[in-house]
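The two complexes that follow have subunit A in common; it is paired with subunit B in the first and with subunit C in the second.
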Partner chain A sequence: MSTFEETIARDQRVEPGDEMPEAYRKTMIRQIAQHAHSEIIGMQPEGEWITRAPSLRRKAILLAKVQDEAGHGLYLYSAAETLGADRGDLTRRLIEGRQKYSSIFNYPTLSFADVGVIGWLVDGAAICNQVPLCRSSFGPYARAMIRICKEESFHQRQGYELLMTMMGGTPAQRDMVQDAVNRWWWPSLMMFGPPDDASPNSAQSMAWKIKRHSNDELRQRFVDMSVPQAEALGVTLPDPELAWNAGREHYDFGTPDWDELKRVISGDGPCNAERIARRRQADDDGAWVREAAQAFAAKRVPAP
Partner chain B sequence: MADAYESLTDHEDDARWAYGTGFSDPLAGVDTTVPSGIDHEDLAAYCLMLGDDALIMSHRLQQWVTRAPETEDELAIANIALDLLGQARLLLSRAAFVSGSGDEDSLAYLRPASQFRNVNLAARADADFAHLVARLLMFSSWRLALFDRLTGAADPVLSAIAAKGVKELTYHRDYAAQWVLRLGDGTEISRGRMRAAVGDLLGGSLVDELFAVHEVEERLAGVAVSPGGVKEEVLSVWGQVMRAATLAEGVGTTAPAGGRPPPGPPPPPPGGGGHDCAGGAFARAGSAFPRAGWA
Partner chain C sequence: MINHEWPLFEVFVRAKRGLNHVHVGSLRAADHEMALHHARDLYTRRNEGVSIWVVRSDQVASSSAEDKQAFFEPSGDKVYRHPTYYTIPGSVPHI
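And then the complex of A and B:
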């Protein structure tokens, strides 16, 4: 048994300098990079509302949240760099479509209620996905997840509080919330990935303890958590098959449109092109700035 | 219902994430009564001037979010925008309290554009990152010099707001100065862009306006800081950064006298400039709120 296998078997953490199979390193880089990309692209849908927030307090909350997402992205890119990845290279892969980000951020934010629903459902789903990752076998990722989950849970409560406020408002405000829930519920369920019998990478990730629960287990946990929250809020989740199953002690629910998930993942979602175009524009516009910083630093390295 | 993240969340921990506006209430223990002898209308107008500068500058920075050259700058720019938004909220709230009507939101959202009191520098849209850091350096140096003196203001609320702001503005100025250095002494391209940005900033009346004494500031002696009195200090800081950035040659560090005019209908927008001023409605005293995006 190799040192790596022993570490995994003992449920200990693999650290950047440790021996590890090349496939493990690649898988970790891909997973962490995709997570980092999701944080950075995820700034866009909510960021659209910063300058249009309906009060200065809501503006401050939203701006702080979007700033947190940038912080998560930075933290995660740094974790990927401990494995030998380069941030600029990862960004190029994102822009060229060679690395993915969470499909959820390819949906539009049509009203300020979307900000609340993203906090409640999207951040809620992210938390379900990420809490088990706090025990991921790769140390820097696991530690990053602890901090990120804390902040995400704060964002989730902020989102829920916004929705509670809107639900206590006018009929038009309540309609906005219901409309946003109708649009975000199914994409949120898709955040857990394809069903277990169609998830090709899962088995290896489970064996390496990169992943701890199956997609379907986490999806069920999210549904069970969300139903009472929806009831407390007074919104209807748009699934006629949703019902408590006393035998299973879980909620039964309908099947997400997996063809839609495939389309969105393959680039054909409502906002894929727009999201990547914005990221590419920022990267292009900032190239001369990054080059200047490098040139400035190089001038200050003492001659050998 | 078991909460999947319960174990990770310390529910007593909220203050740590207090919307990015600091860890404690800057006005805790501060007597909010307006001291006798201070004219309420003038104090409200003065708070509005300082508040609008921060509100509009913050808005322009918010427009950079998701457009910064690097992730570290996303964080920094959002952070600065958040600090200024926090200052604006405190100052607009003070203006509303002192005048006895409205609140931060009615002042921010329901005032006609002609009643905004910000300096035009705050409202200038940034043509590129060099323009942003040049503008931020000037703005934060100027505001830091004012706030430094305002900590001794006869209004205890203004004094407390200034004390909190000084720490924030020191960081803002440092962030901007570091980028001016890197761009000024970076590549040929960055140097050219930085020179253009400095030229644009100093070319019009934007900088003059910062140091012009407004009648409200004259009447509020003991409370308000006379901006004419900080000119030397601000331009000296500016000159130091320009020299360190190898940009001193050919770009002036002194500016002629000018002024933030008294309240009244805005004069026609100044010609030239060539920048996007969100519709061109920005005129000195009555600067329009940026139109784009505000409901």
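And then the complex of A and C:
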């Protein structure tokens, strides 16, 4: 048994300098980069509402939330760099479409209620996915996830509170909430990835203890958590098959449109092109700042 | 081509007075001053720190994973360095 296999078998963490199979390193870099890109692209759908927030309080909250997403992206790029990846290179891969990000951020945010629903459902689904990753086998990734999970809890609660406020408002405001729930429910279920029998990389990730639970297991957990929250809020989840199954002690639910997930992942979602164009523009617009800061630093400390 | 990638810095945060600085992660910055500001924004958004150190990652020397065994072996057989190595009758107080 190799040192790596022993470490995994003993449920200890793999650390950056350790020997590890090349496939493990590649899988880790891909997963962490994809996760980091999701956080960074995830700033866009909600960021669009910062200037249009209905009050100073909501604006300050949203600003803090979007800043957190940036922070989460940076914790994760930091973890990827411990494996020899280069941050600038990862950003280029994202912009050139060679690395992916979560399909969820390719949907548009049509009303301010979307900000609340993203906090409640999208961040709720992210928490379900991420809590087990705090015990992921790669140390820097697991540690980044611990920080991220602590902060995600604020994200989910501010979203739910926003929705409660709107549900206590006018009929038009309640309609906005229901409309947003109708649009985000199914894409949120898709965040857990394809069903287990169609998820080719899952088995290896479970064996390496990168992943601790299957996609379907986490999706079920999310549905079970969300139903009573929807009831408390007074909204209807848009799934006629949703029903408590006393035998399983879980909610039964309908099948997400997996063809839609495939389309969105492969670049054909409502906002894919817009998200990448925006990221590319931010990178281009920031180039002179990066160059100027570097030139200034070089001037102050002459190279030895 | 000029490399416009900022250098990597390791960040250490003292959570509160009385505790050591602890490594929290890394970031990119043009110089030390910018690294400190970025570290504040990135790692202490919720009062997680009262003091920050940053050090260029390429300035950190590290024991290598390959030599781990040889490097740490010398302390392995020196059990007499631990208090539990010594047998003292239970009747002797405060020791």
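The working rule: the second predicted complex is superposed on the first by the 294 of 304 C-alpha atoms of A that agree within 3 Å, B and C clash if a C-alpha of one lies under 4 Å from a C-alpha of the other, contacts with A are read in each partner's own complex, and residues count from 1 in each chain.
In this text, a residue touches a chain if its C-beta (ideal position, glycine included) is under 8 Å from a C-beta of that chain, and two chains touch if they have at least 3 such contacts.
Just so you know, these numbers come straight off a predicted model, no measurement behind them.
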| item | value |
| --- | --- |
| Touching partner for A:Gln44 - first (subunit B), second (subunit C), both, neither | first |
| Touched partner set for A:Gly17, first subunit B, second subunit C, both or neither | second |
| Which of subunit B and subunit C A:Arg248 touches, first, second, both or neither | neither |
| Comparing the two partners subunit B and subunit C, which touches a greater set of residues in subunit A | B |
| Partner chain(s) touched by A:Val301 [first = subunit B, second = subunit C, both, neither] | second |
| Contacts of A:Asp86 with subunit B and subunit C, given as first, second, both or neither | second |
| Subunit B versus subunit C as contact partner of A:Gln67, first or second or both or neither | both |
| First, second, both or neither for A:Ala293, with subunit B first and subunit C second | both |
| Subunit B versus subunit C as contact partner of A:Ile146, first or second or both or neither | first |
| Those residues of subunit A which subunit B touches in one complex and subunit C touches in the other | 64, 67, 71, 74, 87, 151, 287, 290-291, 293, 296 |
| Residue numbers on subunit A that touch subunit C, as the complex places them | 15, 17-19, 64, 67-68, 71, 74-75, 78-79, 81-82, 86-88, 140, 143-144, 151, 287, 290-291, 293-294, 296-297, 300-301 |
| Touching residues (chain side subunit B, partner subunit A) in the complex | 1, 3-5, 8-10, 13-14, 17, 19-21, 59, 62-63, 65-75, 78-79, 81-82, 85-86, 88-89, 92, 104-105, 108-109, 128-129, 181-183, 185-187, 189-190, 193, 290, 292-295 |
| Partner subunit A, residues of subunit C touching it in the complex | 2, 4-6, 8, 25-28, 30-31, 34, 41-42, 45-46, 62, 64-66 |
| Residue numbers on subunit A that touch subunit B, as the complex places them | 40, 43-44, 47, 50-52, 54-57, 59-61, 63-64, 66-67, 70-71, 73-74, 77, 87, 127-128, 131, 134, 146, 149-154, 221, 224-225, 228, 278-279, 281-282, 285-293, 295-296, 299 |
